[in-house]
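In order of appearance the chains are A, B, C and D, and numbering begins at 1 in each one.
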Amino acid sequence: MSAIEYIVGLSGLVASALFIYGLKDMSSPTTAVRGIVAAGWGMVCVVAVCFLEIFNVPEEARPYLPVNIALAVLALLFGGLWAGRKGRTVEMTAMPQMVALFNAMGGGAAAAVAAVAFLKHESSAPLPLGVTALGGLIGCMSFSGSIIAWAKLDGRMNKPLRFGGQQAFNAFVFAGTLLLAGLTVCSQLDPAPVSGPYATLFFIGALAFGICMTVPIGGADMPVVISLYNAFTGLAVGLDGYVMSNPALMVAGMIVGSAGTLLTVLMAKAMNRSLSNVLFSNFGATSEQAKGPEGEMKSVGPDDAATSMRYASSVIIIPGYGLAVAQAQQKLYEFVKQLQAAGVDVKFAIHPVAGRMPGHMNVLLAEAGVPYDMIYDMEDINDSFASTDVALIIGANDVVNPSARTDKTSPIYGMPILNADQARQVFVIKRGQGTGYSGVQNPLFFLKNTAMVYGDAQAVLSKMVETLKGLGSN
Amino acid sequence: MSAIEYIVGLSGLVASALFIYGLKDMSSPTTAVRGIVAAGWGMVCVVAVCFLEIFNVPEEARPYLPVNIALAVLALLFGGLWAGRKGRTVEMTAMPQMVALFNAMGGGAAAAVAAVAFLKHESSAPLPLGVTALGGLIGCMSFSGSIIAWAKLDGRMNKPLRFGGQQAFNAFVFAGTLLLAGLTVCSQLDPAPVSGPYATLFFIGALAFGICMTVPIGGADMPVVISLYNAFTGLAVGLDGYVMSNPALMVAGMIVGSAGTLLTVLMAKAMNRSLSNVLFSNFGATSEQAKGPEGEMKSVGPDDAATSMRYASSVIIIPGYGLAVAQAQQKLYEFVKQLQAAGVDVKFAIHPVAGRMPGHMNVLLAEAGVPYDMIYDMEDINDSFASTDVALIIGANDVVNPSARTDKTSPIYGMPILNADQARQVFVIKRGQGTGYSGVQNPLFFLKNTAMVYGDAQAVLSKMVETLKGLGSN
Amino acid sequence: MITSMTFIIALYIFVLAGFTGYIVISRVPSILHTPLMSGSNFIHGIVVVGALSVLFSATSVTEQVIGFFGVLLGAGNVMGGYVVTDRMLAMFRPSVKPAATSDEKKAQS
Amino acid sequence: MITSMTFIIALYIFVLAGFTGYIVISRVPSILHTPLMSGSNFIHGIVVVGALSVLFSATSVTEQVIGFFGVLLGAGNVMGGYVVTDRMLAMFRPSVKPAATSDEKKAQS
């Protein structure tokens, strides 16, 4: 083992340790920044040391080396700068699609590494070849699937694409891809293989399968799907690491693989659905015409609602997906600060699946500057509603739907919800009669202590802020 | 890689996974039994599969094989049966010394493996040789040190052996051992080494150092020392695993190495001391003549104390080391059940370092059948003393010593304590004026709401039980 | 790079790393799930190292092209993942200094 | 047994295993510290496997003697560690059946 191999190996070890340490630190808001910075230094270390491999390339690659180095620097610069700029400027509400895009890039890189392993014919033993094929398959799926997810979340692909026999068609594509993978591996067992066509078709098949698998899934399910593809990319990277005998890739990849899988399962569970239900059930296709409770909704103007909150002693605010759509988090916090200045006790109640990503609302509120000790988890606050004057619901719907408790036929039956209906007075800010993610009507809106404040969240909150300004500090 | 090597390797992987899973399950009393059973199956699997190596021994060992197998079976049977019987019959109060003994055995086995690696001259590269020497050194220290710890805890060695210049002498022994280790390694670098004498002396030196290091430490500090040696043995096993290229040993050993180190640090911290203070400070040598508060202690008879508890509405019981010495846990629970039958609200308050091992009191109470939901940690119960009628302290001293809060010169200053002094009435069961582990007097005993009940805990509790029987259920 | 890794050893590493990821994530509070997703997304960006190795020892135009795109995508994954995670995490802050200790407690439990 | 393990790979395994031990133990409540100490004591009894390998391929009386004692001690470590841990853990039980769920909660937090 040469000195360079030693240094490269050690740098990978240091990076792995820093990744683990960083992830561990991310488990608390007070240390989370330190965690990502540590992981970042790990990455800097391993990427910088990797350039030492220049002195270790095989004889036959020497002539290409200058070009290769130039290409590497160019690619690093372009990729890094572009993504860095994108990442710095993206709106917080567009975070899910951004993560999808970056995840697609990782999957694509993993697939590229696997492809070159075939191209260079690095091994002719069945085991490493099989692992290479698996890495390529998963990487490709993650790449094309994440791009579809990005397109859906970014509003570039608005309707799920569904047709009869889709499941069978997808299974057929998958079987074909597996067959091509097998043919590629078999041809590579030969010492002088001619596997180019097989391998090319295999990669195309894998990319196609990623697309086929993702198009029928509704846009709102995409966060779960991205989380799954995130785990997939990790797994693909781990397998690439085995193929390249690079333990740092193995460790980092597998950590993400298992962490991402756990996260996906937790997310699906929080939405009260199974993972296979998310992936294969075409959720939302039939729920459009779901019938709901009939009755009368009362509506009040923003000024009346604001005034009554101004003179309440306690208010709990329940933000939901609509707040993100309206990008009204800043206005909301402005309003909350006014209430606080008037002596009202204000808390935020966050449902675990409010919004479209786990923790989505926390990120939005954090962006607006809301301190995280004003924000309460569902379990911590659910008992307080009964003793609260006003529950203000902003663009949330499913997470406060009492039929989750009572109506066994509802698609969200069994999901734990925030007990907003127990507050003395409930205000709901939404634009109209629109249903939420699950497509069902919400009996809460028909209760006698509920009043609707119709309008875009941003507009309504602006009016409320104006109203309170008008009232002054008396 | 042969099929046998594959199977052996996989069995080790399965065992490692089961060990981790088992340790994880031990983190909750409800799953702990499942955890140790899982780890046990892992061990069964890896030991059973290990016998397959019989078919894989090197050519030159073939003639010895029948004898070797017979010896192995004999050793397994004898070692297993003897330790199994010991473990099944040992008193719960003697658990610390039992663990010390079993730990010594593991350390000895690790040292034996390292010794044979030298004997067989399995490698002549500096790195594996150095690792072998380190494994041997640590294993030997853990072996002889744990035996001394056992002897001290078992009452076979009552006074710490201390003399002037002991630290320097120990350092000298350590340096000599390191020198011998170096000589052994150097001689083994030779393809045809004659390292027997060096190696023998090195192992003797390492054993001697383990003894020298442990004799000056007081018996009461032994649990921390055992925990440290437990980590040492784990480390030695892990290093042996590297030498033998057996990853199962590496994983299991390192898990114990790091877990044991963490446990040791937690233990030392809970005693409000640093690890180096435990190892090198000869704690307890000077504290014998520590002067304490003067004043008057009131004493009452067991019957009076029992009667007043019978008519109290709430009692918190604080067990300490004296309860373990008197083996009075069964009697105590009998008494508690009588109180409960009389409608008294009884709770147990356990200080993290009550007794002589972390969790010692919990084990004793669990043995007596006390359900663990009657048992409260210090943080959970410390606020309740002020609203409690009676605090009954049984053989505890340091853990209720208020000078830890107030007296900066006290050796236990800064240790968090149980707020027994805040209870309306305090009863203390102890034999006489004896101090506790730290050797300082306890001002609590002189407070006006404290009454001493002198006598052995077992005897006093028996009398109390009799008294309550006499009172009947009225 | 590091040659001669047997399959068994690789399995050990996979199992240990997988367990580590599992146990670390199972402790993260749901408030941090989104930054965590992008944080782990950043970590698998280490694939850029694999892509760099591939590109350095490329010996044909095809390999160079694939390697170039591998590095390009991998670098994007790393940079983008880091920037968005850092941005999100930097936004979490407690309300006032004196309350910091109790927040810490809350966050750790 | 499994040949050709490089030092770097060994370090990876050590680091991962060490981290695993650390994080698993940092979750154990202090009530279980004593059984945990003996439980981890049991786990390093796996050294008996190493001792068995040594004894199986012993080629001299010295090796046989050392190997024999190694297996003897290792077997004692395993058996003894298991029995005392199991005995201690079996003693922890909640008071009444109906309260079991709330106990579980308490114990897990």
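Definition applied: a residue touches a chain if its C-beta (ideal position, glycine included) is under 8 Å from a C-beta of that chain, and two chains touch if they have at least 3 such contacts.
Keep in mind it's a predicted model, so treat the numbers as computed, not measured.
Novice: Touching both subunit A and subunit B, which chains are there?
Specialist: Touches both subunit A and subunit B: C, D.
Novice: What chain is the most remote from subunit C, judged by the mean position of CA atoms in each chain?
Specialist: If we average the C-alpha coordinates per chain, B ends up farthest from subunit C.
Novice: Measuring centre to centre with CA averages, how many angstrom lie between subunit B and subunit D?
Specialist: Distance between chain centres: 15 Å.
Novice: List the centre-to-centre spacing of subunit C and subunit D in whole Å, with centres computed as mean CA coordinates.
Specialist: Measuring from centre to centre gives 31 Å for this pair.
Novice: Averaging over Cα atoms per chain, report the distance between subunit B and subunit C in Å.
Specialist: So the centroids are 39 Å from each other.
Novice: Note the residues in subunit B that touch 2 or more other chains, in rising order.
Specialist: 1, 9, 16, 20, 24, 247, 251
Novice: Could you list which residues of subunit C touch at least two other chains?
Specialist: Each of 2-6, 8-9, 12-13, 16-17, 19-20, 23-24 in subunit C touches at least two other chains.
Novice: Quick check of your reading of the touch definition: is the inter-chain graph here a line, ring, star, complete or other?
Specialist: other
Novice: Let me know each pair of chains that touch one another.
Specialist: Touching chain pairs, listed by label, come out as A-C, A-D, B-C, B-D, C-D.
Novice: For a test of understanding, state which residues of subunit B touch subunit C in their complex under the given definition.
Specialist: 1, 6, 9-10, 13, 16-17, 20, 24, 247, 251
Novice: Please name which positions on subunit D make contact with subunit A in the complex.
Specialist: Those in contact with subunit A are residues 6, 8-9, 11-12, 15-16, 19, 23.
Novice: Give every residue of subunit B touching subunit D within the complex, in rising order.
Specialist: Residues in contact with subunit D: 1, 5, 8-9, 12, 15-16, 19-20, 22-24, 26-30, 32-33, 35-37, 39-40, 43, 46-47, 50-51, 53-54, 57-58, 60-61, 64-65, 67-69, 71-72, 74-84, 86-88, 90, 92, 95, 98-99, 101-103, 105-106, 108-110, 112-113, 115-116, 119-120, 127, 226-227, 230, 233-234, 236-238, 240-242, 244-260, 262-263, 266-267, 270, 350, 352, 357-360, 362-363, 366-367, 371-375, 377.
Novice: What residues of subunit D sit close enough to touch subunit C in their complex?
Specialist: That would be residues 2-6, 8-9, 12-13, 16-17, 19-20, 23-24, 109 of subunit D.
Novice: Please output the residues of subunit C touching subunit A within their complex, sorted ascending.
Specialist: 1-5, 7, 10, 13-14, 17-22, 24-60, 62-64, 66-96, 99-100, 102-104, 106-108
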